[in-house]
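First the structure, which I've put down as structure tokens, then a few questions once you've had a look.
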């Protein structure tokens, strides 16, 4: 049983990498929220912009899979404080003061109530304040239909500077796919991904797109790579065969690393290598948070994936 | 430390798949038996035909292996209530009222005392009552010699409609083997298995035989498949490479699935695919019971073994 | 958090294999030492030659790695009783009475203070008493520089009958490497290892050398083999692909098995097969100690690495 | 984190005592509900009248207190399936077929929505079907105000044959108190409780009232007794000083035992002794369920509270 | 689940106190026995006189009680190797070489088969070899009837130098009780115990008797004291009110301490104070073994039972 | 195994009560320190003034006592970074900027090396900066002799505004005791404590003294009270009988509460009641930190120590 969410995972990851972060959400005034906040504080995530109110904190139950048995997540997020939040509860001008990047995910936009509008408010204000806007497409069929997602996310895209997604999300939300790829069969087509990124740019005006490229050998073993499309060019990372410890939070750690490399102005090739190495390490760590430091990520990037004991 | 047995595993598996089951055994009147019965009830297994009496419940100790280290089972089943049961304690006519299938294993027949005769009694009465009789050959060298097993199991075969076994059991009990196979070296020969099934049918008159086909890559990774010989034809399933979580109970879950597909009149090819998928999932689950539902088994059969998170 | 050390691991391994062992060290007079001694006693390791005194027992913290995430060991061994021991605290003549083999590692020699001299004292006395001297090179960069290690270990080599090491240790301490091997890339060159052993013999006069040959597929999966150079000939073992449970203590279990085969006069080929099988099994067992018995090691050597359940 | 409720606790307790029970509620169609149902089945509680539907199962978080630190329960029950159930979802005529007793608590009546009316429906139908109706007053300030509780519970009292409550509940809901008692100071006045029961009978027409009488020495140690008012007479039990293991569920186990003694026609004095002994034992058992058997309860009643080991 | 027994507990206790001990029993040749032996070795108990053979090691299941809920022990000791041992398997002459004390309990004598005769053999040989014989009466109703116990134990008493028992054992086995005591009501009568000891001496010729005097406040809190009758005089210890952690093994630790004080020639008053303090500490320690050292026992005896933290 | 210290406990307690705190110490640059810092951050304790350097973090091992068995702490703090810190590593002027209270303990002053002088430096600078200085006398015999403690602490007293101690500390360090008290026998004499406080004031010039008054019923149950001597008057609190969960950290939570009441200008009687209630609650909570909030402390103070469940 856990209560973290995609954006919290990103914030913690970034804090561990040494970046200053602030987590914006709404939580009820309860001891359970206090636990969640204590955890965020322990990682140094700012919590001053969390709105207090509402009835409950969303939860989920995770049954970890293995081999042919897939992991299973059961959500108990209905009626959560954030899903019932109102537009006037967030003072974005104040929140974005001194900020550099605004990150949000399609999960938040899809929670219903006023959340889609709240995301638009935030994006509009972020652009006004000169922030870089990053978005993880993150489609969840339990939240909304593909049509609903397409409409809401379509309206948000004009504000997004860097879109993060995988092939499945893009297919569900935008109805676009990478020709020649078949994730279940484990076949990925590089050319197809380049074209997919270009299509997203052409249709939605998103200048940069970062893809995670996962091929499942089994629920225990996955291949993991990434692609960054930027300045009209595609950069593919090396591929890792991961013996999974916990894949939940893998995408979020990728988002965090993408924000890190943008903030630290990495070259595109090094940027995608870093983001993939970071999220590879996350998947060898239990629970949702990526506890890998920049030093550990760079050690993996630079080739020592041999797993020799570090003494 | 655990007290389940092969037939209990089959009964629980079938209950989880939605079938009505009833577990027949003998247990002492003790709090330990009460625990075992509570567990059976929680899965909906019928317990009204369990005979009360005797001194102790059989136990076993399991040390789970990994990689090159094999799992190890130490039995403490001597003097168990069931092994000292008497023929007149089971009223098979009453037990089989309204039943459709009777399943037993070679372990039970090999417990000594009157157990071999009790198995004959049950089989004879089951056939009279028009039940389908299924038997898992399950040879255990700690219980009896190959010769003893051959004699007792040979006497039971005439009543058996569907025999479930692996190559090793067949070799030990019947002295027959699949030509060209070498389990330890990981080589299986399809043709050999077809002939082996036919030979069993010819010699013992068993109309249908279901084989589990395991090849060990290591104690951590196994290939897993199956073959169903029925109506003089052999049907081979697809093969799964399983990263094992717990292989104990794998054969029992296969038996349960075979009974399920017989009861639900699956086509032979679909039948063996289902049985192999079911028992593949069992081996990704801790402890002896297969908790996989029909829906989950069918999802695996239909190809989504990618282990994507189910949300 | 743990307090075992390389030599303790070797002693426990040898005791489990049925050899009489005695562990020499210095420990403070504390309840923590009492725990450590109780553990040694439970395995039958002799503890009568442990010197009491000093302030603390060395500790280390282990974070177990997985897949691309390397294991991490943080030492808290500074100011430990053994590292501050004095030469006059060990009466080697008395200690070696009735002994057959003296084993030590480069870790002990590198602890600083008088430890290098204590090792020389012990070696000199061991040779006088007619013992076989075995040494695991075991270079730890946290303890000393390559230059310091070369000087101290170089002075100890003349006493050593069998040197145990891996390619990395040899490179760091002796500045010699096996041509054509690249551990991180997983490439080993048999010819190179033979030459490396010969070079060690020529330069340092060590008559026999045993190499562990590890190639890392990932932090979860390693290939594991060994080579024994003796009487001017090289013997290579078969190679195991290990799905690692705990690699810490793998080298120590190899040392223990080398001592076992020397003591029991195995033929060279059988000797290296035994040592590699023993240390393969260790790496499938949690914690530092190899709990595998001679019977289990021989079962693996003789080919049954299939991981079938032992009942 | 737990999901049981007062009525489920009563049903499980009664099942453990050997009574046939059936639990009526509404639960969503989810794996979490499946867990809850499996648990009920393991104790033999009937689950055929559970309505499926709604969004979530209510939860609560318990922090167990000790000594001066009180236990703390945080509810996350808002929007639970049962609290949003509709009157037409329960077919009381069918539910009460063959039943002998209907038990409900003030918690259920106070969940809001249509629950108060559903309780009235059930009570009316129960009386028509000739059932005995028992009610645990169980006031929870987090659910409703005293005024709301008084109105709803007042309307339900005419149907109630046996009311179960403590002094605090009676004060909150009916505004009546036992003169001369001061729970916090640990003073109870027998005469006051007799008069309080009589007052409840006079005002609300409830023929029988069972009180639990708890005096807190600390959060770790409580005195526990009970009183049964029936046929215009008061019967007080002996008092137990309990070193608490888990007091949650104590009241529910008392209710279960009251139903048991009514069903088995105990004499009033023996009846209240049994109910108090049963609920005393519950408070020495972890978690909400009373696992004490009738035999264990009677052994305590008959004086052997010495805690000698039962071998 | 545990496999220790009364005599093993005594041996471990004595070893912890620094005495040389040796444990005589019969165990099957199994990994479970190996675990038990490893545990004995870790405490320094001699294991060279353990006979190997038989089918199983006896087990018991313990449910720890609390407050009014008594602890519950379920034995699974039938058909254990020791209970089926034969007289000719123990070479008492060899076993008692260099020994000073022989200790046994009524449990062992009551296991059936040849065990009563084996106890006689041992006692006779012990006396011949000049050993002190101590016996813990330890009546278990699950093993034998009072009449059987009286006959067997009566035959053993002539060999016993010091008998250890409690009032309940004496009543069950000898049919003698301490006038004026009522254990369940928590009343003990000193005068009665003196007379009881004298009666045992007169009837059975046992020169010294040590009583444990337990009065149960509840399953959580007991008063604990002792009495030593020696040289025709009675010595009573101070009384401890113990908040029980685990009372199983309390009697055995008392026996061990009695043997210790005899061996170390304590004055009678100091002797009984030591034995009671030792067994008081045992009951504050989890599991069957008394891990308290002589120093810790003496610190308690000398009055510092305040529980101030020892730093 | 734990690494917290007295001052860290005080800082966490104060943070939980809502005060702004900052923890000053020296820690090595290691992952273990990082863990400790993460924990401090999770409670909101400021960590910007922690000096990095040295070899190791001090540790201690705690064995929790029960009933007559005292808790036992084994320190492994020798050679810790803080004990080897140098005077010039702490810039007290900067540290005390904007601070209101400086708190330290006798443990810190007694660590040896330059720590006594560092304490003097800090005190002198604190007074210059106008801070209130509080000191917990906290004598540890493992650190220094009574004479050494008297000299060092005597030199520090002139700077101390409020001294916190118990009778035993005062006796060890100052050689002064409260006449007529006998802690071990559980007798405290109010008059004696008033005089003791006055004597401390007269001799050392400390204007205010806060005493914790513990009387041990057993290691499981203690009476707990306090006395505040201020403005030449003594204020005694009510007394709590605590069923201990964990007494380690009790004194530190008392210090924290004393600082809290000083900072929030409570009346003397309310101040001592608050400090005693706070530290009473600590002792019902596992581990060193007092997690009780001001609201919970006040609820206990105001009399509701009944342990009714808070819902």
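A, B, C, D, E and F label the chains in the order they appear, each numbered from 1.
Simple rule for what comes next: a residue touches a chain if its C-beta (ideal position, glycine included) is under 8 Å from a C-beta of that chain, and two chains touch if they have at least 3 such contacts.
Note that the structure is a prediction, hence the values are computed from the model and not measured.
Shared contact partners of chain C and chain D, listed by label: A, B, E, F. Computed centre separation for the pair chain E/chain F is 45 angstrom, with centres defined by C-alpha atoms. Each chain gets a centre from the mean of its Cα atoms; for chain A and chain E, those two points are 64 Å apart.
Work out the mean CA point of chain B and of chain E, and you get 47 Å between them. Along chain A, residues 72 each make contact with two or more other chains. Chain pairs that touch, as defined above: A-B, A-C, A-D, A-F, B-C, B-D, B-E, C-E, C-F, D-E, D-F, E-F.
By the touch criterion stated above, chain D contacts chain A in their complex at residues 1, 30-32, 55-57, 59, 61, 63, 72, 74, 76, 78-79.
Residue ranges of chain E in contact with chain D, taken from their complex: 65-73, 75, 140-142, 183-184, 216, 218-222, 247-248. For chain A in complex with chain C, the touching residues are 240-245, 277, 280-281, 283-285, 292, 296, 300, 303-311.
Across the complex, chain C is touched by residues 38-39, 41-44 of chain E.
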